[in-house]
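There are two complexes below, and they share chain A, which is joined by chain B in the first and by chain C in the second.
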Partner chain A sequence: MKILVPVKRVAALEDDFRIRDDGLDVEDEYLSFDLNEWDTFALEQAMLIKEAATAQAGAAVEVVAVTIGPDDADEVLRACLAKGADRAIRVWADAITGSDPIAIARILAAVARRESPGLIFAGAQSADQGHAMTGVALAALLDWPHVAVVTALDYGAGQDRANATRELEGGVLQDVDVACPAVLTIQLGINKPRYASLRAIKQAAAKPIETPTLSELGIGADAIGPAGSASRVRRVYIPEKGRAQLIEGSAAEKAARLAQIIREYKAA
Partner chain B sequence: MAVESAAVPPEQITRILFEDFAPAAVTLFYLIGFAAIGAFLWGCWVQVRKYRRGQPAPEAAGDLAGRFLRMAGTVLSHRTVERRDPAAGRAHRLIFYGFALLFIGTSIITLQEDILGALFGVKFWYGGFYLWSSLVLDLAGVALIAGLVYMMIRRGWIRPPKLDYARPDRQPGDPDYDRSAYRREDWAFLWTLVIIGLTGFVLEAARLVWLQDRPGVWSTRNWSPVGAALAEAMRAGGLSAGAAGLLRSGLWWFHGLLALAFIALVPRTKVKHIFTAMGSLMVRDPLAAQRLPKLPDDAQDAAAGASAAVGYAKITDLTWKHLLNLDACTKCGRCHEACPARAGGAPLSPRDLILSLREHSNRTLESTLIPGEADLDIHGGRVGQISSETLWSCRTCMACVEICPVAVEHVPIIVQMRRKLVEDGEMDPLLQKTLQTIHKTGNSFGESRRKRGGWAKALPFPVKDARKEPVDVLWFVGDYASFDPRNQKVTQAFARLLHAAGVDFGILYDGESNAGNDVRRVGEEGLYEHLAGSNIAALGAASFKRIVTTDPHSLNTIRNEYPQFGGAWTVSHYTSFLLELVNQGRLKIDARHAYRATYHDPCHLGRFNKEFDAPRELLRRTGCELVDMARSRDNSFCCGAGGGRIWIPDPVGKEKPAQIRVREAAQIEGLELFVVACPKDLTMFEDAVKTTGFEGKIVVKELLELIEECVVAQQVEEVAAA
Partner chain C sequence: MTVGTILVVAEHRGGELRPVTFELIAAAQGVRGRTGNPGGRVAVAVIGAKAAALADALKVDGVDEILTVETPQAEFDAEVTEGVLGALLAELTPALVLIGHGVDAMGYAAALAARHGLGFATDVFKVDVQAGALVATRGGYGQKVNVELDFPGKATVMLALRAGTFKLEPAPAAPTVRSVAAPSVVSRARFGAFVAPNSAGDVDMASVDFILSVGRGVGEEDKVEQFRELAQTIGATLGCSRPIADSGWLPKSRQVGQSGKTASSCKLYIAMGISGAIQHLAGMKHVDTVVAVNTDANASIFSVAKYGIVGDMFEIAEELKKQFA
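This part shows the complex of A and B:
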């Protein structure tokens, strides 16, 4: 069987940064990039199933990592290959710039149709944009069932149903029995992601990364980019500083100052 | 002493071998002798075969004559055996020289009796030569027994803790915990040799009494003074010549058979250290811990595939040299005593690690056929295996390697084993995170590269960017000195000192990455290669005459390890560099201080790079009164930060090495300053002074800060104005 793991190269802000002149994003030079943390857990979950199958000499499991992004995104695929993914796919065309999560899910759906995996493990959300949307949208586009924010999984390679545990608000757990193929979005802490040594990363550099074109995937120009997106970013900005203030001094002084502030507000 | 009994022809002044033996008895003895030698040779072959099952050790090849001379010098002088244990050294010297002389004496007899005499009729063991050799061998026997008796007293009554074989890496009840077999072997060894020696003397005396009437025997007795004294006592006790003859026959066989059994067992028992220790000293690498082994080229070659092994996973992954190291260990316990991890209650003793691996190799590699892969695994908790907790406890401070009298390379073996753990991701999650951070940002603080030179902004003068203009001195700053707020103050102080002395210097700013010294000692060799490669490229693109650093860790890897990757530069620690400036008159230090101070030798500066005197000289010039701690210079006690341990949380409830060290310093009466010369030391010891309750009593100071306080303020102002 095959497990498809969509991954994303996410940006992290440095302490000081500048907004781009077009006001739509942060200047690239103030960003550092890495594999989305949620995706490391998703990949690890796929690897655990693969290794359990190998240990029991059961059905072979192929783990395929896929990302949508320009050349730079190869580094996160290399990280996946270094950790043991069997294949890596990267889809990119300049026309993809400006795609919203649903348009991205459209491309992933095309890849999934080509690969026909038994399961798709996506990170529950991305660390930079945090839409928590791509995975679920992908399930909808494929017309597959999905389980979101999975914190535990009971599944053996080749089974036609998976038992996933989700965490609900208020500390309640929910066990979900789902028919495969399905999309599971994986929450942090479900496992302990492994370390990819630099040597393994270097060796992964020699492995091929498949780069199918949009036409090979059968995706039209109107399905992606701004044309294929129902939403767009209008502005990125730093909000004005809040009015919180730190009261210093002894307990009595703090209390007096606090009482004074409350009186001022009541009066206002 | 003149040769007496001129009446007796010298040819008759000798000892007739096998006197009064029936020919069959002589034949029997030769058969047993050949059997013993056969067993000895077979045992030696089994050992050699075991070592040959290891990997090649190219670093141990070449310069055979030089290696032999250095080894012989070490062995003959007992230089390494007497360090930090002079009494044991003296006793061992007595045993060594006693044994060696007795061996040579016996060989001379064999040479005449079985080779020159038997084949060519040449005889020389008579007359004056015989008498002198009797005297020398008697004295050798006394030395041997005296040394052995001291060792018995040491094991039986003095009982130093390092000899009790208590191991910190296993709990009582663990099937691998018990090391009492070693204790039994130690005693068996001592008793066997003592009995061989004593029976030799009694035998000598019995012969004198037995042959007292033969001309030239009794009259020359005093050439073997111990035998003579015993013989006098026997005669006084009423032993007749006939009874003495009987005693001699019986004892002869006992003594002879015991000696032959001893020879037969040499390769199978601790006695083999005679050979293995000499072999280990022959292949000693003086930079074993300072310059860790590179991965073989096929493991680096990405195209070669993932199959190439990294580090030590199986016993057969060890080089033959490291397998020989395991057998060279004499269990003397000096490394056990010196290890800061062991002292802090960590599950590591360098001695026990070596012994576990030795037991493993003896069990698996001495057999005719090597067992399957699974039995060769050296990682884990089973008998003869090493746990990851043990391996991660090591601070790579080199205290064990440095004190080992027989050149065992504990640290390289540990790092090779860690390479395997890193490859498998078996490490503390925080360490894993730090390694990823270093890969991403080039520093262990997770700060942006652009901030690396940020500390320079606060200075009243610009610090040159060595990437853009040539400088005399390239200052390699290092992570802690660049990013740690406390250390940044010291870094700025050094910049002001360089500026005041008119040194043309610059830094690499964001072109510099973590030097990689500790990353390499963690065992993440791939990341180390990445860091070293990036720094070597940045340094190679800059134009400078020499490198100076305030960080002993960077110093070590740039000086000793970058040459492995094609980067060879002159690099100095700031202490020797500042002393140069002082001696050239470019920097004036006023002896303004009058503190009572002690100086902590950083492992990577002292033990690793043998720089003990420059920091002490500078400290003295500030006017401070220097009082060394009990453990100083090459015996300095690690702060606990080395080998990547600064990135791994220490277990709660156990005393940290830095705390042990501060308590040691506090024993110096009236101590005011604890002076360090390493950024990591500053962090570790400022913390330890607080947690041990010495805050306000002992102040931790970086030597640079003391120096800056003593540099004539005028000089700073003059240069600043110019």
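This part shows the complex of A and C:
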């Protein structure tokens, strides 16, 4: 069987940054990039299933990482390959610019139709924009069942149902037994993601990354970009600073003021 | 925009409405007020086996109609919710659908939006009408910027609103109640019983008044101990943010935030090395006095803190210990 893991190269803002002149995003130069943290847990979950199947000499499991993004996004696919993904796919075209998570999910759905995985593990949300949409939208576009915010999973390769635990507000847990193929969105803490060895990182650098075109995937221009999106960014701005009153001085002076706050509270 | 119907989706769990439901009603009233279209109606849908039993609690000012949809499933089921709301979209053609940005919504809303071509945004904390168009505001890049979205060409827009943002003082009223037949949906998932978190044998973070909480800034497991000692020295209960509990450095029962505990009795909260992910803020932003210690002056924890210390948590901890020696 195959497990598809859609991943995202997420952006973090440095301490100082500037809004772009068109007011629609932040200037690129102030961004640093990484593999979305939620996706590292999703990939790890796929790897655990693959390794369990291998150990039991069961059916082979192929783990395929996929991302939607320009050339630079190869780095997150290489990170997945270094951690043990078997194959990596990246889809990009200029027409994808301006796609929201629903439009991205349409491209992922086309990839999933080609790959026919038995399961898809997506991160429950992205660290940068936190829409928490892509995985569940993908499930709908494939007409697959889905479980969101999964913190535990009982599944052996090839089973026709998966037993997932979703995590609700306040730490309440609920088992959800779902028919496969299915999309699960994976929450932080479901496992302990591995680090790649230096050797694996070197080997991953030489592995091929498949780059199917939109026409090969059968995706029309109206399905992606602004036309295929559920929303449009009209303005990005820096919110007014919060009300924190800064405590200044040396570390000792700051601690002294903090101690005073604590003592005043206790005396009240 | 002209608003025909605003559809609010009531959230309930264990036979009780969740408070976010009334926040959604407040937001619906706000939008209706700003459209200058008092003819708009606010309909609240309740979906579940005992939907009718929850209708009374929804008879509040600002609601024109309560729609009860009784399903075989008592509790939330993603595919059932999608099916029922799909049918309601067809019947009501609402201009706006308001839902809570919680775990249930994460489980169905994007699917509904993708299937029906809705305008859609999540974790929205401001809804406005500007030049006749609906504008939703959410955070971006870890809440360091605000992002305004609009929805050109979308007949129906669904917004998942951040809990704790919109306030309603529910005043009793007498909206109409109508039972709507549920479409037949065969769910491919079986949602089981709820299991409350096991915090037996540990302190209840919801009941303590003074918390010292540590986050990712603590860096490694063997550094946690010095903060445990510091908490004891200053008379605080040690708490943490999600990554610390996920790593197993502190028990899950110590986690403050959306998926952990709400620090509901807390009056003084010292956050050290916590950047302030929205999920953490949900558990502590209401606390009277929050003191944040973080090396990043732009960390979003400072936006909810009363006092901020930009600095190294270990240095401050060391100096604070001396103050109580």
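One rule holds in what follows: the second predicted complex is superposed on the first by the 241 of 268 C-alpha atoms of A that agree within 3 Å, B and C clash if a C-alpha of one lies under 4 Å from a C-alpha of the other, contacts with A are read in each partner's own complex, and residues count from 1 in each chain.
Keep in mind that, in the parts below, contacts are C-beta pairs under 8 Å (C-beta built on N, C-alpha and C of every residue); 3 or more make two chains touch, one makes a residue touch a chain.
If you're wondering where the values come from, they're calculated on a predicted model, not measured in any experiment.
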First, second, both or neither for A:171, with chain B first and chain C second
second
Which holds for A:113: it touches chain B only (first), chain C only (second), both, or neither?
neither
Would you sort A:199 into first (chain B), second (chain C), both or neither based on which partner it touches?
first
Under the stated touch criterion, which partner chain does A:252 make contact with: chain B (first), chain C (second), both, or neither?
second
Does chain C touch more residues of chain A than chain B does, or is it the other way round?
C
Who does A:20 touch here: chain B (first), chain C (second), both, or neither?
neither
Between chain B and chain C, which residues of chain A are contacted by each of them?
15
Considering the complex alone, what residue numbers of chain C touch chain A?
13, 78-79, 82, 101-104, 106-115, 117-123, 135-136, 139-142, 144-152, 154, 187-197, 210, 234-235, 242-243, 245-246, 252, 255, 258-262, 267-268, 270, 278, 289, 291-293, 296-298, 300, 302-312, 315-316, 318-320, 322-324
Residues of chain A defined as touching chain B within the complex:
14-15, 32, 34, 192, 194-203, 205-206
Residues on chain B engaged by chain A in the complex (per definition of touch):
295, 299-300, 302-303, 305-306, 310, 422-423, 425, 427, 429, 432, 435-436, 439-441, 448, 450, 524-527, 529-530
With touch defined as at the start, can you tell me which chain A residues reach chain C in the complex?
11-13, 15, 17, 19, 26, 101-102, 105-106, 124-125, 127-137, 139-141, 145-149, 166-179, 182, 185, 187-189, 230-239, 241-247, 251-252, 254-259, 261-262, 265-266
